[in-house]
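Per-chain numbering from 1; labels A, B, C and D assigned in written order.
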Amino acid sequence: MNKYTLLFIPALFAGQVMAQDKKPDPANDPKTTEVWEPVPKIVTPGKLPQDAPSDAIILFNGRNLDAWHSVKDPSKPAAWTIDDGFFTVKKGTGNIETNKKFTDYQLHLEWKIPENISGEGQARGNSGVFLASTGGGDDGYEIQILDVFNNKTYVNGQTGSVYKQAIPLANANKKPGEWQYYDIIWNAPRFNEDGTVLKPASVTLFLNGVLLQNGFVLKGATRYIGTPEYKKHGPSSIKLQDHGDPSPAISYRNIWVREL
Amino acid sequence: MNKYTLLFIPALFAGQVMAQDKKPDPANDPKTTEVWEPVPKIVTPGKLPQDAPSDAIILFNGRNLDAWHSVKDPSKPAAWTIDDGFFTVKKGTGNIETNKKFTDYQLHLEWKIPENISGEGQARGNSGVFLASTGGGDDGYEIQILDVFNNKTYVNGQTGSVYKQAIPLANANKKPGEWQYYDIIWNAPRFNEDGTVLKPASVTLFLNGVLLQNGFVLKGATRYIGTPEYKKHGPSSIKLQDHGDPSPAISYRNIWVREL
Amino acid sequence: MNKYTLLFIPALFAGQVMAQDKKPDPANDPKTTEVWEPVPKIVTPGKLPQDAPSDAIILFNGRNLDAWHSVKDPSKPAAWTIDDGFFTVKKGTGNIETNKKFTDYQLHLEWKIPENISGEGQARGNSGVFLASTGGGDDGYEIQILDVFNNKTYVNGQTGSVYKQAIPLANANKKPGEWQYYDIIWNAPRFNEDGTVLKPASVTLFLNGVLLQNGFVLKGATRYIGTPEYKKHGPSSIKLQDHGDPSPAISYRNIWVREL
Amino acid sequence: MNKYTLLFIPALFAGQVMAQDKKPDPANDPKTTEVWEPVPKIVTPGKLPQDAPSDAIILFNGRNLDAWHSVKDPSKPAAWTIDDGFFTVKKGTGNIETNKKFTDYQLHLEWKIPENISGEGQARGNSGVFLASTGGGDDGYEIQILDVFNNKTYVNGQTGSVYKQAIPLANANKKPGEWQYYDIIWNAPRFNEDGTVLKPASVTLFLNGVLLQNGFVLKGATRYIGTPEYKKHGPSSIKLQDHGDPSPAISYRNIWVREL
């Protein structure tokens, strides 16, 4: 060694120390909170907001109801009326539900109250989408569909209500004859082996782009009469209602779902 | 009275029993679970999915940034660049935030990575929307905005991440040069008087109609370095980020919010 | 410089690099996740499990009911019967509640069904503790107290039920004449300004050391008739019930509460 | 029949009407909200608060560690030191865990810092109970045990902390040489098939009868270094820690658990 070395070394050292001053404290390193996997899957969004993203399951392609069956007789196809690009409840044939069963999902669904709608209260364009069909008839968790553009009814039975459980946050209904759309996030309930609830269901719902349900935690299956209750179930069909009221039937189109 | 009385009595009785069969058991009356108020407010939805509903507050009208101010100097207007119908981050001027403060809300916001984007990782079209600006600089809860159409970075720093807290559920980014849109539900945190958390914040977020955050419960304010933490605050501005990276600046348009 | 310098420097450098290998990566430093404040307050626990910790508010000192008043007439003191170290419901005088109001708390409370209890179903030693008294009469959130040691009733009305909302997880009742104890964690509901629920109430409850309610989220105030509903309130008294049934009156002792 | 029939008929009628006046409106019938099953199981509580209820699984009977094995070598019995009615960590033998695996439970566990404790900070009577042992070593969810009667350390590493996640609500420690007791409610996390979290874990914990954790929702497994993360697991052992610090070993006794 010589003096130059001596002079040089401290400088080197100082450099190190300075570098350490910059990021000596691990709490100061942003890299410690970076996560690099799993890498989210690539999903190509639709061109228009209502278009199905690339990973969506199309539940109605505009031409047939092959993805659905009759609830009364699951061996039979759904017998509702198909038009060009949409289908309409065939009164008296009963509810229909998807062949495929789902747990958690994002659902897009469009519906139209007929322009010539009649009736009042719950008897005016009544239908509904059951986010999980847990049995025949109306068993499950129903989001109400109804003409409430200018029609008074109980508010926990309005369009966008979790039927008889949750009043919608707004009345964002369009007038009869116009297509309306639901965007729904369904988080299915989970159950313990003994049938008790491990995690209740919750739902977030937009009607025509307006938030109507904000992560509402369901009290159980929706019921026309009595108190909601949970009853253990697994993956379930999505079900559409043929309501018994005599008003003109409503139509559906453009239904797609993304499993979460 | 006479023997006819004898005949009549059972009839009377039967009538009572019949009436009781109809609605004797309160558990059988659907009216008991009807709720009639409060009546949800009427909101006229937009004509197109991206249009503001009637009760929305317009945060950018396409012409000026009057609803925003500079974060560095709140007495000064936001100095970003305005074009016809959109505005663009002016690099070096700092973040901007809304004059109005919010708690819970539904937010629609559109943004575009410039077609000539350059850079890589986090230095490629980086900006962000802070759902609540809880201080100067980058304090608050940031939803990341970044070109990740074809750009690798840490996944909890992708577009649609709750920055360094929650990986987005999908990569639904469009390519640079195309307008993209966020629909966000923000449930602000609530605090006890002593500053501890009463209820953490949660967020649901769609990018281009695809669900990226499903009611994610935030661990605290988002931080570049270190662990997220909550610090008591009340109603807050929405903030947009002027990120320091040298890549071309991104643009915004069509921003509206509905208070919940 | 000379060759010695050149030889030496790398060695120095290597040393630095090694040191950096040891703790260069902030993710490897346990100190980054240490938190040093706020320092939890010191609480001296009781000598026996049922004894009040040092920060508890004593709601019954064994000698008088100075901490309580009549619900019917809040200006009047609680007129129940005081014995040596315990007190007994005075039938017909109505409910009593604490002068002090509470939000979240840990409550210890002991009660005894009289040895000579008579009656059946709900008419057998019926009383209850309302975790928040939100009005006169039985308004609030009631945890049931009842002799169900050998007495059949509806299970959501058993001892330890959240009355008509939550069945207790077990029947851990002692026989009449023995003192029993509740340990309860009450997290009061919080409300938005418009009266809607920000955060529902939840309760955890032990009877005689056995868990009966495990963070149950209440659906609203407990009601004898109809559906539970929330109605906005703030800090509230704890209330004890003078139930109208004709069975012999039950006794209480050793009541303390810790505010959370 | 006879004339008395005549007199009787109106009475009958009146009776019906009166009965209907009393409970004509289903919303007024308290029976509609009674639930009669399932009937909660009968559990005989212990005589003293610390005694095991009748349905508890005894994890230490005062005489042997047959319910436990070595974590390092699960084929070997737990080799800690047994005294009359309690056992003591045998330094250097490693952690021990229960043979039986659990999901949700109520746990009672007593422990004692030796009177001659020495050391400071984390090196003073350090041990811990892992509510679910999710792997070898210290993998899992640790509730810290440490002498902090008069010993300063980071507060998220105090007795009763969810280690490095949750500061205890109070410091209710007794002095070295005294037995202390934990009462813990553990709600295990649940996972989706893909390993993501369906429902995070939560814990409620009392030390010596004082609430230290109030339904805290865990951010993941506890970690000495780095950020807590969840990793999918099922039913798991309860584990006790042989901490490497050189201070005198702590003792345990009276451990029982009730599955929920």
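Criterion: contacts are C-beta pairs under 8 Å (C-beta built on N, C-alpha and C of every residue); 3 or more make two chains touch, one makes a residue touch a chain.
Everything numeric in this text was worked out from a predicted model, so none of it was measured.
Least step count on the touch graph, chain A to chain C: 1.
Any chain bridging chain A and chain D, meaning touching each of them, is among B, C; the list is complete. Set side by side, B-C and B-D show the greater C-beta contact count at B-D.
With centres taken as mean Cα positions, chain B sits 16 Å from chain A. Spacing of chain B relative to chain D, judged by their CA centroids, is 37 angstrom.
Shared interface positions of chain A, defined as residues touching 2 or more other chains, are 27-29, 32-33, 226-227. Residues 1-2, 4-5, 8-9, 12-13, 16, 23, 25-29, 31-32, 219, 227 of chain C touch chain A in their complex. Contacts from chain C toward chain D in the complex involve residues 27-30, 32-46, 48-51, 53, 55, 104, 106, 108, 154-158, 164, 167-172, 174, 181, 183, 185, 187, 202, 204, 206-211, 214-215, 223-227, 258, 260.
Across the complex, chain D meets chain A through its residues 32-33, 190, 198-199, 226-227.
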